[in-house]
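What follows is a group of structures, each given as structure tokens.
There are two complexes below, and they share chain A, which is joined by chain B in the first and by chain C in the second.
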Partner chain A sequence: MDQTSTLEKVLRRVAISLVILFFMFPIFWIVLMSFQTNETILRVPPSVIFEPTLSNYVALVTGKLETQAGTLEINFMSNLWNSLFLSAGSVAVGLILGIPAAYAFGRIKFRGSEDIAFTLLSFRFAPPLLVLLPLTIYFQKIGLADTYFGLIWVYQLIVLPLILWIVRGYFEDIPADIEYAYRIAGHSWFSTFRTVALPLAMPGIAAAGLLAFIFAWNNFIFALVLASADKQPVTVGALAFVTASGIQYGQVAAGIVLSILPTLALALYAQRYLVEGLSLGAVKG
Partner chain B sequence: MNGAVLRLENVDKFYGAVGQGVHAVRNVSMDVGQGDIIALLGSSGCGKTSTLRMIAGFEETSRGKIHLSGREVQTLPPVRRHVAMAFEGYSLYPTVNVRDNIAFALKAQRLPRAEVDAKVTEVTKMLEIDDILERMPNSLSGGQQQRASLARALIRDADLYLLDEPMGQLEPQLRTLLRGRLKHFIKERGMTAILVTHDQTEANALADEIAVMEDGVLQQFASPAELKERPANLFTGTFVGEPPMNVFPVSVESKAERLVLRFEGGQCLNYPESAFAAEVRAALIANGRVVIGVRPYAVRRSEAGAPANVLTNQWLGDQSHISASFANSTIVLVEHDRARVAIGDRIMIELSPTDLHVFDPESGMAISHGRELT
Partner chain C sequence: MSDAAVPAKRKGFRISPGALPYVLSLPALLVCIGILVPFFTAVAYSLQRYRLSQPWARRWNWGENYWNFLSDSSFWNTLKVSLTYAILTVGLELVLGLCIALLLQKRTRFNNFVSIMLLMPLMTAPALASLMWKLMTNPGFGILSYFASLIGFEDFRWASDPSTAMLTVVLVDMWVYTPFIMILLLAGLRSLPKQPFEAAALDGVPRLFVFWRITLPMLTPYLLTATLFRVIESVQQFDIIYAMTQGGPGDKLTVFQVEAYLNFFQSTNVGRSAALLMILWVITYVLSMIFIKQWLKLRERQRGEI
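Let's look at the complex of A and B:
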């Protein structure tokens, strides 16, 4: 470690800075855009000097979109709420179903367990439309179309395999003997799962939950096809900004900023568990 | 079950399908009596841990039966077998400190706190880990983790204690100290224990009986003295004892009332036929070729013997280990005085008939041992 020369250190810093700049610039620019009117955004050449305005946020919160063609009704706030509800609900259901399944796949080797696990993962390879079209028809028949319940169900296609595969890896990494040591001391299989395996897999569960939430949050096609306006998440709702009189860049940017916030908050919160998980590394030794 | 705490009946373990896969334990049968300490001895990978894990219930037995305290347990889950185990890899719970690791099982039984504390203090004092009770497992050295894991097993109330290399990580001084304390602890309470070890001194010092395993097969199950004096086959003969037994293939000739053992290098040792009991003599002559074994401390130097050339002479502080080329091979002898021989010296070697172990060259099974030769 000490051998790295000053030059190498400097180069490394520069490289890291470039990468950060590359990834952060769009976000930075979007935040700037969200405080500008459409006119200042579209002027040539673009400039970072402008008179900041909150009008975009006001429009989103009040649900009134002012365009040259007149005032349009948008329900961005209810879209945001839908996103939150659908994503959180899907992740919750995904965790409840996925964690025990992951434990079973990780610990118990039964005939065909690999095949079943792989089949579940393979749902992620299929193009969503392949599943969606037949599903739409079924859902209409059994009355699940355009319900939160139905949507959360379909979201499991994205969420469940992800949780299953990530958490399973974590369960497999816990030495089986730690669980045996607990079981032999007079504990049932279930209490061993709860008191030994679950806490040790926590970082994996946090990571999987976080990723699943982001995937669910960013999903577009399921809700587009299966939900009507009042149940649509922001990803679909954002289509409303494409109006007859052009795209409302300012509002789109403000909408993006608002819709990043929940995932950002969640990431910061889950980070604690992720880091804790890393410092627990001795388990794997 | 006439006092046997544990009875293994023709136990087999395959990892993978029965008949294919790794055949880790082969047709092992043994009885362990109440209050006995058994040492399980054998080279790495011979199936010691697999055997313990089947007894504890972490691995299924592929064939055979296991009885614990009179119950047939091979299909019961670990919880219901009432055994305690110290794991080869320690397997402490990483999320709680050493004290809680050790006290976990007692707390689950809802013993009063004062009683739990007293037990923890007692067992950790014995193992010299009473000063690290508040530390977390991942901050401990290997030897400390190992002792914490041993304490966790010993503190429990169980019918049988399975200790998988419980002191392998400790330095010899501490190991010797703890060995004595451990034996006292176990015997005082009348506990029954099976202890895996690679240290023969430890096995001899602790165990009432030693089980020697190789290649998944239980080679011999006998007291330390018996194992030394009457090894059942070539494997136990050479595996048990330090330095290992010298073995040589010889051909047997009977000439004019004398029995001649001819070594591969041409050397001969000859004995009066009367030195051997009639049936041993008959077996030797009938076989024609046998393998003889002689322990290093039983090899004598005497002008009447056969010649050998000294290869090394090491003084270990309390004994000399001399190795010499003999019979196209090497013979090792141990002498308790400092031997005055130098490399290249010619020495004369004699093997007393009462010190010879005779083995069948094909099967490796013992034909006869030392004193019963006469």
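Let's look at the complex of A and C:
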């Protein structure tokens, strides 16, 4: 590839710039909007020159929106809190359930282990509504409707297969000899698991946990179907926010920025693991 | 850990080695069985005449919900819209993702930086991505509506116009998911062996020929994995479309899950909704079986190379 002509170099630069423009512009523009009032947003032609204001963020944090009709109470902060609680809770539950199972599937091959593992993986690909619609009726009957517990349980549908399959791969990659040696020295399987396998699989567990958190945070359909207003995460809450009338567009933008910030930050922090996790370990990054 | 503590623990708590894996995986299985029950309920619903608004008329009608689909034009519309959406999004994302991966193939600092930046749309919740694009395509102040008017499309209505609604949601889908295909293919490209390319360069083989005859065939397993994975997700797309137009305008964007959602919550026709989802499930099940086979092959290959 040494014989690249200047023309090709120029074309490459142009192409890369267009790619960056397409993928970065929406984020850039929404961030800009979030620092504007309706007055500057509604200008024609639009312009990037304006006096930045924090009023949108202040309104969201304090929960009071000033509109022409008067002050509107909104609880966007509680949506953020719900997202955090639901995502963190379901990842914690997912790890507690998933790590032992991943160890069983990855290290101790047993009858039916592959079949069970595949069944669990196939949940990842089933249409979520198929399960969610009957669940709405069941949850109402058994009193789980609109509870955090019920939601976290259903979130396992996304979180568990992910954790199971990534962590399983890591357990498989640990040479079995290390564990055998430790067990021959007279240690129980549990202490072998705790002192040998677990620390060696830690990078995988961390990666799976972070990714699972991002996916749980970004989930929309589960909460849309099962959660009422006071349990809604940001994805559903933001939608209701937009359709509410008399709202300042800058505040919608600020709400979106606050909602995507956590996952973007986590993704940048964990980018090394993303490729592997996204493809369920099919491709090493 | 002291030696004295270990034997004590073994006496107190012992599981026979044969049962151990079952004990370890049981909690995860139990949680998932809780999810399997509603699955079978959905199968039952799909075989019933069941409307939430008329619970007294609920009865088994066996295959009638499915049978009715044959003469139901809105079912065929759903199938058509879903397939169009899946083919358009995955096709365009594949081409664009491959081009970007080729552009960023060299491991330079700048290229790595760009590929990390491109992860940001992928990590944005699809529903929120739709809202971002909704703000940008608003007829009153949307920057994209303004751009459209600059290049001569006065009053370009994006998602609210039946003729451009599909284009708009496809664009949002491309914005979110092209990076997924891109990073998968980039990982594939960078893991290809160097020798064939060096040999081709020595022999002065034209670069286009190298691409078609060496790069593309060697990349095929990665392309297949990415395609299958995306098709499975895309044919089930709900978030982007629901957040953007809730299936409208009219029935322009009523893909499977959106149609099933509307059937359940608006027309409260549980039977039809469940039957629709069963058909979608069959489609994704077949695709996912092919995907898993392909994925296992790729995984074996990767492991062989390490």
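For the reader, a short list of remarks on this structure follows.
Rule of thumb we're sticking to: the second predicted complex is superposed on the first by the 219 of 285 C-alpha atoms of A that agree within 3 Å, B and C clash if a C-alpha of one lies under 4 Å from a C-alpha of the other, contacts with A are read in each partner's own complex, and residues count from 1 in each chain.
We adopt the following convention: a contact is a pair of C-beta atoms (placed from the backbone, for glycine too) under 8 Å apart; a residue touches a chain by one contact, two chains touch by 3 or more.
What you see is a predicted model, and the numbers here were worked out from it, not measured in a lab.
Touched residues of chain A were counted for both chain B and chain C, and C has more of them.
Of the two partner chains placed around the shared chain by superposition, chain B is the only one that A:Tyr180 touches, whereas chain C remains out of contact. Looking at the shared chain after the overlay, A:Ile256 reaches chain C, while chain B stays out of its contact range. Of the two partner chains placed around the shared chain by superposition, chain B is the only one that A:Pro199 touches, whereas chain C remains out of contact. Looking at the shared chain after the overlay, A:Trp189 reaches both chain B and chain C. Looking at the shared chain after the overlay, A:Pro52 reaches neither chain B nor chain C. Looking at the shared chain after the overlay, A:Phe125 reaches chain C, while chain B stays out of its contact range. Contact with chain C, but none with chain B, is seen for A:Ile30 once the two complexes are overlaid on the shared chain. When the two complexes are laid over each other on chain A, chain A has residues 186-189, 280-283, 285 in contact with both chain B and chain C. Of all the residues in chain A, the ones that touch chain B in their complex are 175-178, 180-189, 196, 199-200, 280-283, 285.
Here chain C touches chain A in the complex through residues 1, 3, 6-7, 9-10, 13, 17-18, 20-22, 24-25, 27-29, 31-32, 34-35, 37-39, 41-42, 45, 99-100, 103-104, 106, 114, 116-129, 131-136, 138, 140-141, 143, 146, 175, 178-180, 183-184, 187-188, 191, 201, 222, 225-226, 229, 232, 236, 238-239, 242-243, 256-257, 260-261, 264, 270, 273-274, 277-278, 280-281, 284-285, 287-288, 291-292, 295, 298-299, 302, 306, going by the rule given at the top. Residue ranges on chain A touching chain C, taken from their complex, read 1, 12, 15-16, 19-20, 22-24, 26-27, 29-30, 33, 41-46, 96-98, 100-101, 103-105, 108, 110, 113, 116, 118-123, 125-135, 137-138, 153-154, 156-157, 160, 164, 186-191, 195, 214, 217-221, 224-225, 234-236, 238-239, 242, 249, 252-253, 256, 259-260, 263-264, 266-268, 271, 274-275, 278-285. On chain B, the positions that touch chain A within their shared complex are 56-58, 77-79, 81, 83-85, 87, 89, 91-95, 104-105, 108-109, 137-138, 149, 152, 156.
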